[in-house]
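I've put the structures underneath this note.
Same chain, two partners: chain A is paired with chain B first, then with chain C.
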Partner chain A sequence: MGQCHCHKKRKDSQELTDVERAIEIVINNFHRYAVKGRKECLTPNELRDLVVQQLPQLSQHVCSLDEKIECLGDPDEAKLEFGEYWAIIGEAAKGCRVKK
Partner chain B sequence: MGQCHCHKKRKDSQELTDVERAIEIVINNFHRYAVKGRKECLTPNELRDLVVQQLPQLSQHVCSLDEKIECLGDPDEAKLEFGEYWAIIGEAAKGCRVKK
Partner chain C sequence: MSGNSSELEWALQVLVKNFDKYASGCCKKPRRISKKDFRKMLSRELNHMLTDTGNKRAADKLICDLDENKDGLISFEEYWTLIGGIAGPIACLIRQQEHGTKFTK
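Moving on to the complex of A and B:
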């Protein structure tokens, strides 16, 4: 209790639901690409790699994602926090939901 | 191309990545609970059911989630859009990330 390891392999016996496991996968994906500089942040280039490799279908439904990534600052220096990563995916997911 | 069915069973042959499938699960979870009134929105009571049933571990890491849900308005009438649902989960996920 009071501790959460949902971004790592869980060592305790608490069972996650399917939805929690799905969220864990999205969290882990952030950490998998956040390797350069501060590990709690993605650079724009890391985000681009993540999108190309992990979100090829989803990213089709975000208008001008490339432009958005360019606006984030220096490709190798700017720091993108988890909340920004989550918001970008949310925008893409919203796009998917609307286009039926 | 140009159409997205990531909130439904996919009928085309485009393969989703693990991360995209995970996002699809989180999207589908919204629709599973958004049954009353406008189907594109959750009521606060539907959100509470969703959190209790689907996010029992994750919700431990959001301070006063109950209070937050109460602030969303009339439990059976207020309409919570997908973006708000996504943001609440993001807050919880951020909480998980920070507490190591």
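Moving on to the complex of A and C:
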């Protein structure tokens, strides 16, 4: 996949499609909240803040968020990679489909 | 949804709408994207992020790996996994580049 190329283009947001811009926003949110320790990962607490603050209307669809977060381990130490974050966000996204 | 959605909520809606734009399905069956339409979607909607989407074989491989139940159709869950597979490496790359600029300062 031509990631180098895409990153170069990234600066020119005029050229990006809505879908690409949307993906960037999801990535940016991950980075904005992943501030403690290893910055490639979110801690469970950071994930909770992200979902509560950034998905106020959709967080109700992330079913049993608190339970899920408890299962992830130490709230300030456990590491969630991008893929895990993506899966949880996916549940919220499914929620917007159901809502229609 | 009302106008006071957050940026992230907007983003998720775009990704959901994009699935629905390419998916078809009749009445009771859940909507799916065919491989053909999926390839069309990749080249139209992700042309800056996937420079090799013109490469049919690469796209086919991606879709084959993705199509867990081998029915030739892509469900919303499979679609979501694929987009995540594209976004993950990009997220790492952006982070690395940010680190890179910090180190060179």
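Here are a few things to note about the model shown:
By definition in this document, the second predicted complex is superposed on the first by the 84 of 100 C-alpha atoms of A that agree within 3 Å, B and C clash if a C-alpha of one lies under 4 Å from a C-alpha of the other, contacts with A are read in each partner's own complex, and residues count from 1 in each chain.
In this text, a residue touches a chain if its C-beta (ideal position, glycine included) is under 8 Å from a C-beta of that chain, and two chains touch if they have at least 3 such contacts.
Because the structure is predicted, anything quoted here is derived from the model rather than measured.
In the superposition on chain A, A:Lys79 makes contact with neither chain B nor chain C. By the touch criterion defined above, A:Gln60 reaches chain B but does not reach chain C. Of the two partner chains, chain C is the only one touched by A:Lys39; chain B is not.
By the touch criterion defined above, A:Lys68 lies against neither chain B nor chain C after alignment on the C-alpha atoms of chain A.
Residues common to the contacts of chain A with chain B and with chain C across the two structures: 1-7, 16-23, 25-27, 29, 40, 53-58, 82-83, 86-87, 89-90, 92-94, 96-97, 99. By the touch rule above, chain C contacts chain A in their complex via residues 1-2, 5-16, 18, 20, 44-52, 76-77, 80, 83-84, 86-95, 97-98. Within the complex formed with chain C, the residues of chain A that make contact are 1-7, 9-10, 15-23, 25-27, 29-31, 39-40, 53-58, 82-83, 86-87, 89-90, 92-94, 96-97, 99. Residues of chain B that touch chain A in their complex: 1-4, 6-7, 14, 16-23, 25-27, 29, 40, 53-58, 60-61, 82-83, 86-87, 89-90, 92-97, 99-100.
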